[in-house]
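First, the structure itself, so that you have it in front of you.
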Amino acid sequence: MIENFKDRNVGVQHYRFLKLEPTPTTKMGKFKRFLRRTFKLELFVGLKVTFREMIKALFFGEMHTVKYPLEKLPISPRFRAIHQMLRLLESGHYRCIGCGLCEKICISDCIRMDTRYDENQRKEVVEYTINFGRCIFCGYCAEVCPELAIVHGQRYEVATEQRASYALFEDMLTPIDQLKNQKEYPGFGAPSPNADENIKKTPLAY
Amino acid sequence: MEAIAFYVFAVLITALFLVTVFSKNALYAMSSLAAGMVLISGIFFVLGADFLGAVQLVVYSGAVMALYAFGMMFFDATKDVKEKNPSAKTIFLLSGASAVILVVIFSAPQIGRNIKALVTGTPGADNPHVIGEVLFTKYLIPFEVAAVMLLVAMIAGIILAGKKMDVSLSESEDDLVDEASELKEQK
Amino acid sequence: MSLTLTHYLILSVILFVIGMIGVIRRKNLLMLFFATEIMLNAANVALVALSSYIGDLTGQLFALFIMAIAASEVAVGLGLLILVYKKQGTLDLDNLTLLKG
Amino acid sequence: MDGYIIGTIIKAILVLAIISALAGFGTYIERKILAFMQRRLGPTHVGPYGLLQIAADGIKLFTKEDFIPQGANRIIFMVAPIITAATAFIALAAVPLFPEFEIFGIKVQPIVSDLNIGLLFVIAMMGLGLYGPLLAGMAQDNKWGLIGSARTAIQFLSYEVVTGLSLLAPVMMVGSLSLIDFNNYQAGGIGNWIVWSQPVAFILFLISGFAETNRTPFDLLEHEAEIISGYATEYSGMRWGMFFIGEYTNMITIGFLASLVFLGGFNPMGFIPGGIAIILKVSFLFFLMLWVRASWPHVRPDQLMWLCWKVLMPIAVINILITGIVLMV
Amino acid sequence: MEKLLYIALFAPLVSSLFAAIFAQRKKMQLVGIVASLLIIISFLASSALLSHLLSGGAVVTANLMDWIVVGDMDVKFGFMVDQVTAVMMVVVTLVSAVVHVYSNYYMEHDEGFNRFFSYLSAFVFSMLVLVMSDNFLGLFIGWEGVGVCSWLLVGFWYYKPDQPREVNPSISPSWAANEAFIMNRIADLGLLVGIFILYWNLGTLTYSEVFANLDKLSGGLMVAAAIALFIGAMGKSAQFPLHTWLADAMEGPTPVSALIHAATMVTAGVYLVIRANPLYSQVPDVGYFIAVLGTFVAIFAASMALVNRDLKRIIAYSTLSQLGYMFAAAGLGAYWVALFHLAAHAFFKALLFLGAGNVMHAMDDELDIFKMGGLKKVMAKTYLYMGVASLALAGIWPFAGFYSKDTILEVAFNEHTYGIWFVLWLTAGLTAFYSFRQVFLVFEGDERYKKYGFHPHEAPNWVFIALLPLLVLAIVFGWWKEEFMEFVTLILPPYEMSEETHHVAWILILLTSAIAIGGIVLAYIKYANGLKRDPKIENSFIYKLLQNQYYIPVFYDKAIVKPYAELSDIAWKEIDLEMIDATVDGIAKAIEVTGDKSREIQNGNLSTYLRWMVAGFIIITILAVVSVVIK
């Protein structure tokens, strides 16, 4: 069942045209429509559909429900949730250069960073917090980042018990031991892997 | 048993109607009046007029008072009704006098002794049956007339409270009339 | 302790007088209507009581017709009330003095 | 005499308890069936199959803060939900729920009070139920509430006419207003059901029953998308719960009425004994209400009035005329 | 049979209502066609009833409904078709049918086309009610109904202005209509009194019961009833001295004159006398009086017709004269003869009038026969029709009038009332003279109309086809005298000539024919070759007297109308203004003062009113209590 959902956003459904008759304007046309609707018993068609769905649900187990905390749906690779700070693959050092662009561009003013010069006269991030109580996940920070240091990750369960919850730099940074699993992002606005397929399958009239 | 019911109902009805008459709040007045009507149907049940009790419930409480309530939505129901009350002396003089006279009339020995039943209906049949029997034989024409009257009242109500009720065509303010006719044309 | 016709008639008188007090006392048209309904109901009580104690159905039928009259009265009266309110902005009798000569 | 009073009190308490429990259970059923019809699961977490969801809801309702808006008319605001619940249960008093049975050697008629004007009484009480929403809406000093109660007044008053007229035709056939007489009239198999001789009246009654119980497609009184929650906007806690119970009780009453008047009542159906038969019928009608809610969209208020006055009422009148003519002939 | 009766009765009503729907609309040919068809249906139904009776069927009776049930009084809307009624019905419906069809032609340019048919059909309905009713009250309703319709139809052109009497003797249509109506009202009072006398003493109004119980009446009462009923008949049949309205009624459209004032309504009086024959048979003195009066009217009217120049008035006077014949016959007890003359007269007189209508149409509504002449060249067919009708009127063999009129003369002779016979005989000569004076002045001689710039034209052919039934009947109706007598004497008392009369009958016939032919010849000599006016004759006293209708209208004006107007004037100025108005004004003033004082109560505040209302309620209840206590 879960498999059904895997493709649900990637456009493999089969589109179907509905033949819609023009709305009648004459009295006679309206009368004809009335007759058709009455004697074709369109109301009962509606009942039939729901009943069929119930039968399917009850006896064939074709439920749509996903028991969420117990099972989770796979998400698109382009899903953008909680921010991640990436590391350089070679050195393992964080990519952030402390330029402050993300702080500047953030429209909901939720990013806050503090930098200083370290002993090598390089900029070092001292403090970097994102207030997820305010973040609207607009993605501007990831877009503006010149180093692809801050990106949106896949973690979407953000519920907390506190109204304002800050994420610290360290929380978002890829753990050093997970470095080899770190995914590279093609950057903001890149097409999805199966974009071609999508475009072809969509009818022009859609 | 019946006496208990009667006294309970009587006291409640009197109290509720007093609230209606003396309350400053229209909503209280309306609700207590409606409740009183329901209880009056109780009196009818006690008197054995089952059908009339039910009709009282349906017509008076269910329809008439509901209509009042509906009408009240056009006015501001939650605001207190401000009234300049006339002197209490007149009120109590007039009402007291009429009460005394009415009591005298009703408790006078002439009444209730000399009246004979004229229309009795089939003995043994239950109340709705008997009422139907009499209503559709002896009182058929009043019944029909009442029906016509209701129809007329319905039409009158529709016309009075109809859509154009805010535009008075009789008060020949020309621009208003023009507006109304324009509205009509647009439709 | 047993109930007699007089009990009901006295109740009817009490209700009628309550309604009458309302009619005299209230200045708000809606309240006047309410008071009138009370008076009608009082009459109904008397009619039904008489009918029940004498065994004559006429009283009940008259009560029935009174209800019909009340229903039509509401239909027309309420329409008029709304009209008055729309035109005058008030339902107070003291302000409705267009006919005052 | 005393026995009669005690018996009546016992019956009343039983009906009150069972039906209010059923009303709660009804919410569970509704949620479940609606879920199934949308291929969802519905409540599952509390108890086996989510059965204890009712208890959870009840606890929630009881413990919720009961607040009264500042501008509200306190007394009427507090009384209104009670009216809804009370009238709903009083209406049930004249409805015979099951066939007679014997327990502890006493013959029990499962009807609280067998009035000879039973049907009229039930209709009257359901009509009185209108006061709940009406007063609630007017008392709460909230414009959505006011609109909701205005809609209540229109809808109930209008559809009461259709209800009455549609029931008039069967009443003319049976010649009695007592629901037990209705039941006895239809004794002797499915062929004797009034629904076969009065299909139009049955459909009209169903439609107006939907309207009077405020069910989709006529759920305009508390339609969230338009007027928040209508007359119940400012209500919370158990007061809101009473509205709910009243509403579900009304659904059950309509179910019983329809089964008694049109669908053969509690006469045994072949091998099925009468008590079970009527439960089946009422369950089916209840299910029908949910089914319809799952399937159909609701109508606009003007369409509602149009349907009532220009479609249903003429049909009802014509139906009565035809019935009268047939009966005369 | 009952169905036929209802069809015959109500088809005209339907027709009238149908036409009335469109009364305010402009002319619709459909209305005329439908109305005519419905009247023809009524005629067919009447004919069927007649044939039913002719083949020996029983008298048809029908009871539509209970009408007045008060105490002992029980009057039903009952109808009865016996032999007399059947004859009347056929005559009425036949003439009506012809007139309806003819009106399609005559009224074709009139604005009130639809209205006219409505009135006309209403008249037919009323007339049928009159003849078909089986009691006096129904007869009275029909009687009044035809009166109203006559009023409506005479005043059909009510918008025409009043003129002085010298210019137009009738002054104006509305004046004529009112005159006819008021005169009839005066006479109707007599009829009502007669009906009251009968009911008061016999307790019933149904013909059969009244006539069966006549012997319960004392002699004086019987005479009173007979005279009272005859006064009603005098009014409706325009007998002296209530005759002036008939000539003035000629202001109405010509079809109306043909239908109402020649063929049907005016004969209602004769019908009443015939219908009440058991009563009149019991009081021979009254009968003799009727006969004398009828005879007098016959020669009186004929003399006025001699000199009149108005086409329609001549025919109207002739109608009066012939009504006199009928009354003479009826008064002498020869009821079937009266009925026979009534039917025959209806046919040829209607024909004469409709022919006159053609002439009027041709001459642009010009009525003065001195301005016509030589019309036979353009209106040959009309000449033929009117000629035949005039021959019948003059009583020339073998036309219908010959049989009926001669029989009346024979009756007069048979009764040994030689005076009556002589006057009637003389009248026959006058009749022949004036009718042919009219015909010759219109159709023969020099073409005087050219001087006045008229362009006469003949009516369309279908009109003549429509008139054909009347033409044929005017010729052949008299041949059925014997059959007619056998038929109607089933109901009416038979009248047999004595042996003596039989012997001299041929002499009488010869005498009558001689004077009639003499009259025609005289008319031919004087008028056939053109109009020669002799001022000496015209200025003679008798000529003037006749031309001014014996100065009777003037006399009425001077002796009755003027004094009455003066009396009214006095009553208005002296009594009404001075006494009654003063009293009323005084009361009003008192009320005004009271109102002025008590208007404080009415301060415009509803609340105050309500309090007053309660106070009034208390007073009334106190009064109720007090009244009970006192009792």
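We just call them A, B, C, D and E in the order they show up, numbering each chain from 1.
Everything that follows uses one rule, which is that contacts are C-beta pairs under 8 Å (C-beta built on N, C-alpha and C of every residue); 3 or more make two chains touch, one makes a residue touch a chain.
As the structure is a prediction and not an experimental result, all values here were calculated from the model.
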Shortest walk length in steps over touching chains, subunit A through to subunit E: 3
For subunit C and subunit D, chains touching each: B
Reference subunit A; chain at largest CA-centroid distance: E
As a test of whether you follow the contact definition, which chain pair has the most C-beta contact pairs? B-C
Which chain has its C-alpha centre closest to the mean of all protein C-alpha atoms shown? B
Can you check how far apart subunit C and subunit E are, centre to centre, with Cα atoms defining each centre and the answer in Å? 63
Dist(centroid_CA(subunit D), centroid_CA(subunit E)) in Å evaluates to 78
Just curious, how far off is subunit C from subunit B if you go by their C-alpha centres, in Å? 5
In subunit C, residues with contacts to at least two other chains: 20, 24, 27, 94
Which residues does subunit E have that touch at least 2 chains other than itself? 607, 611, 614
Tell me, which pairs of chains are in touch? A-D, B-C, B-D, B-E, C-E
In the complex of these two chains, what residues of subunit D are touching subunit A? 33, 35-41, 44, 291-292, 294-296
Would you tell me which residues of subunit B are touching subunit D in their complex? 25, 27-28, 31, 34, 38, 50-51, 53-55, 57-58, 61-63, 66-67, 69-70, 72-73, 77-78, 126-128
Report the residues of subunit A in contact with subunit D in the complex, numbered from low to high. 43, 46-47, 49-51, 53-54, 56-58, 62-65, 67
Within their complex, state which residues of subunit C touch subunit E. 20, 23-24, 27, 32, 93-94, 96-97, 99-101
Residue set of subunit D touching subunit B in the complex reads 71, 73, 75-76, 79, 115-117, 120-121, 123-125, 127-128, 130-131, 134-135, 138-139, 141, 146, 149-150, 153-154, 156-157, 160, 164, 177
